[in-house]
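Mind having a look at this structure? Questions to follow.
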Amino acid sequence: MTKGLYNISHNKKIAKDIYEMKLTGDTSSLSQPGQFINILIDGFYLRRPISVCDYDKNSITIIYKTVGEGTEYLSTLKENSGLDILVGLGNGFDTKKSGGSPLLIGGGVGVPPLYMLAKRLIDEGKSVKVIIGFNSKDEVFYEKEFNALGAKTFVTTADGSYKTRGFVTDALHLVGTYSYFYTCGPKPMLKAVYNSCETEGQFSFEERMGCGFGACMGCSCKTKYGDKRICKEGPVLQKEEIIW
Amino acid sequence: MVDISVMLCGIELSNPVIPASGTFGYGYEFREFYDINILGSFSFKGTTKEPRFGNPTPRIAECTAGMINSVGLQNPGIEKVISEELPKLKECFNKPVIANISGFSVEEFVYCCELIDNCEQVGIIEVNVSCPNVKHGGMSFGTSEKSVFEVTKAVKKVTTKPVVIKLSPNVTDIVSIAKACEDGGADGISLINTLLGMKIDLKTKKPVVANKMGGFSGPAILPVAVRMVYSVYEAVKIPIIGMGGVSRAEDVIELMLAGAAAVQVGAANLINPYAAKEIIEDLPKVMNKYGIKSLKDIIGGAHNG
Amino acid sequence: MVDISVMLCGIELSNPVIPASGTFGYGYEFREFYDINILGSFSFKGTTKEPRFGNPTPRIAECTAGMINSVGLQNPGIEKVISEELPKLKECFNKPVIANISGFSVEEFVYCCELIDNCEQVGIIEVNVSCPNVKHGGMSFGTSEKSVFEVTKAVKKVTTKPVVIKLSPNVTDIVSIAKACEDGGADGISLINTLLGMKIDLKTKKPVVANKMGGFSGPAILPVAVRMVYSVYEAVKIPIIGMGGVSRAEDVIELMLAGAAAVQVGAANLINPYAAKEIIEDLPKVMNKYGIKSLKDIIGGAHNG
Amino acid sequence: MTKGLYNISHNKKIAKDIYEMKLTGDTSSLSQPGQFINILIDGFYLRRPISVCDYDKNSITIIYKTVGEGTEYLSTLKENSGLDILVGLGNGFDTKKSGGSPLLIGGGVGVPPLYMLAKRLIDEGKSVKVIIGFNSKDEVFYEKEFNALGAKTFVTTADGSYKTRGFVTDALHLVGTYSYFYTCGPKPMLKAVYNSCETEGQFSFEERMGCGFGACMGCSCKTKYGDKRICKEGPVLQKEEIIW
């Protein structure tokens, strides 16, 4: 983990209530896709945890939705403003277990961490399929980006305004077989995926956080392998250990 | 050169800054951030007789200038803390540590203190009496003079280590309660634990934390902490460990002027893992600004004249 | 169109927003800023039997997200308030006003309430029991069930107007105290008065306010207010006027979800003389955002399910 | 009184720890010299009361000393930033009572309100003398400005590093006779002036304020004419009513 001042190199709207922000600064503490950063926002006491969507030697891309006052404020920040951020939090996804043809399933702002994951898996020579689900057409993002990576990408919208109508699980019959799955999204979606996908897989969870780095026990959950902190031993849990 | 060392219950601390229980785990996790030997000491996560998962999540809510937590004393139980956590800590912390102990009956407090008494790593036992007293209707031990007196007496019998009682601020008369601790033989008082608070989510229209209410801490509560330390300082002779909202060197000095012999830093560690370190580093600068030569000299300074 | 009207002790208020006692003078001073008839009502400056200058200055200290005041109930005495202030107020406020009454003995409370009973401008009497009970060792009336019960009974005897008891948050068990008020015949409960707080000036190394400690209020205390309103709502049937740290329409809704039938705005008026007005104007917008049609429907909403 | 957003048109250091700030915006609520404004500073709960040093149709000049965190922060603000300010507070000095040759006595940051007062008195055709006192040479400001108005100006420094050594009262023997006096400065200075000046006069006081506009009773003081609020019936009191 590193704490540093990161510079906003862009902060732009990419879909309804969805923003993409690029931050420049030290990324040496990042190693796995699925890790997250914790952003201090002026005037708010707690930091805001946001998944890393992509990173390189000196920049991090995140995608966030404006759901409350913190993210609303974040969306107003201009290029070149600085943000105090903790970087390199959480365990992230483990690509070793993926097998040859992993399936990635993301819903809403659960989609971003899958982007870096898809990139990594494809780099490792795997054949990646992706289902991304949204409420409606105007909220869809990154379909193009996933396709550009070479991942076969299926989109669902709950209201049917774009591509497959329904939830991510309603597109499962379209993707054919897969060796393993990785998923991130709202809890009801994760549960549906848990019940629908028969291979092994990994789930990325959200929880309200005090610190984001393991100090406060604010984010604990029970697993079959003992109590874990979402921020430290998570946010990614293995399918087999999950207790709903 | 200013002198930032202080004495606490017969132990010399290189500085008065002590991460508060529950915000610094069992210590060794922070060594990723800095050499924790720079700390005056630290108080480890509240530990109980039995292992506890604690309360359901969400356990955290944000407030103006503070936060609410309802962690509910998640800990692996005293035995595992002694057998696993303390040895791990030994590798990165060579100073006496403060053992924060909780319990739901006098027997549980006694049980933990008896075991801790044998741990040479532990310099001070901090007995947190804010948990509900299950044998007496659920009001916390810390809200009645009688029960703090009893707990203090009981734990003092089973340990030779200094015992500091950590009090809840959610009481009508903190002074009488602190005096009851002193009468029971306490070697010090820790002030304050969290204020009881609640945050309601306007979207869900329900309390944010699953447990409905929780402990409110952070900069918002500093004025309450200063007031309680000030009042208790006038009433007892034993040292006070001040805490509640400390996030900078100025706050440390304010609590010491009110009467604290040492100061704990809680929620600030969560927002900034380097908080305690930065406060220690800032102390000399801030002391110079306000013409303070030695921290030992300012304890209770706001009471003179 | 959303409905922002509420009922309080049988009086229909056009909206729940009520400037809190001590932060709005006797009202007419604010007419320089806006037509105060837009307010739900307002609670005038705490008034006592005898005129009082109050405490020595400095009386004000700044804190993170709040302030400390030790005004000490400066007021011209109940007789002058009735003969001079109320007539002046009549010229600019045509709604029932809340008369905030303080005293240092039961007789003083009774004296004031008897006189106020004849003032038709007054819709509700708000009895502030946070002042020290001089006949019983100086702890405030508001800290013991027995004394709030006594005060409530006594004032109810001499007035036919609704009596709301305003409680201090500096107590171990707010629920029992609120229940004692209800048992004594109170028509409502006001929650919360200020937290006891202190601020020390690092330059002078002395408490900022001359009286050393004072009442801490402002956004910092909102979580304590929400918690107390929530707890008391579950225990009493009479309406609660919520307050403590309210500075925006969201806070009004939060306190109402916790159980408040109406909401007072205190320190916020001092920072922004238009605070109460702006909150009233923002209410419909914020209600729309959170899907609220009528404020009456959300009172205690956080308790369901 | 008006509340408004004022624009900083300059904010510059004019002596050790002393800054002059010019604010543009509505000044219609100002009428007397000696009135003050109350400034909301980002991150601080209470406003900061500062005397009006000068004003015209659409600008206000203030002079402030960096004594604590609020004023420190104020001194870092850049041109064109906005400040939320309450303007037109307090009673101000009454020039009618001045007689033909009033004396103005200011110490430290008590000097600024006397500038506007001197201007007004001179406009009214009066012969104005001014004593301004500082700790030391590097803190002296506005000597030139007072002279430029046509006010005969005497400067004292406590350490004797510039002009008359000592306190403002040590320059009284230099000014000759005067018809009346006006004074503003730290309380010990006001007291010394009270004891040394034999004419009638007016004193401007400071007090910690909650509101600055009469609502909270935070700033009350006792006078021979009854209890007054420094922010409303003050900050200027008549010599004859003062109780020390």
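Worth a mention:
In this document, chain identifiers A, B, C and D correspond to the written order of the chains, with residue numbering beginning at 1 in each.
Throughout what follows, contacts are C-beta pairs under 8 Å (C-beta built on N, C-alpha and C of every residue); 3 or more make two chains touch, one makes a residue touch a chain.
Computed from a predicted model, the values in this text were never measured in an experiment.
The set of chains in contact with chain B as well as chain C is empty. Taking each chain's centre as the mean of its CA atoms, D is the chain most distant from chain A. With each centre defined as the average position of its C-alpha atoms, the distance from chain A to chain C rounds to 47 Å. Averaged C-alpha coordinates give centres for chain A and chain D that are 58 Å from one another. Centroid to centroid, with C-alpha atoms defining each point, chain A and chain B lie 36 Å apart. Residue positions 63-66 of chain C each touch two or more of the other chains.
Of all residues in chain D, none touches two or more other chains. In terms of which chains touch, the assembly is arranged as an unbranched chain of neighbours.
Two chains count as a pair here when they touch; such pairs are A-B, B-C, C-D. Interface of chain D with chain C (complex): residues 1, 3, 40, 44-47, 86, 207-211, 213-222, 227. Chain C meets chain B in the complex at residues 63-66, 68, 139, 143, 170-173, 195-200, 202-203, 205-207, 212-213, 216, 219-224, 226-227, 230-231, 245, 250, 253-254, 257-258, 286, 290, 298, 301-302, 305. Per the touch definition, chain B reaches chain A in the complex via residues 22-25, 29-30, 32-33, 45, 53-54, 57-67, 69, 71, 74, 208, 218, 267, 269-274.
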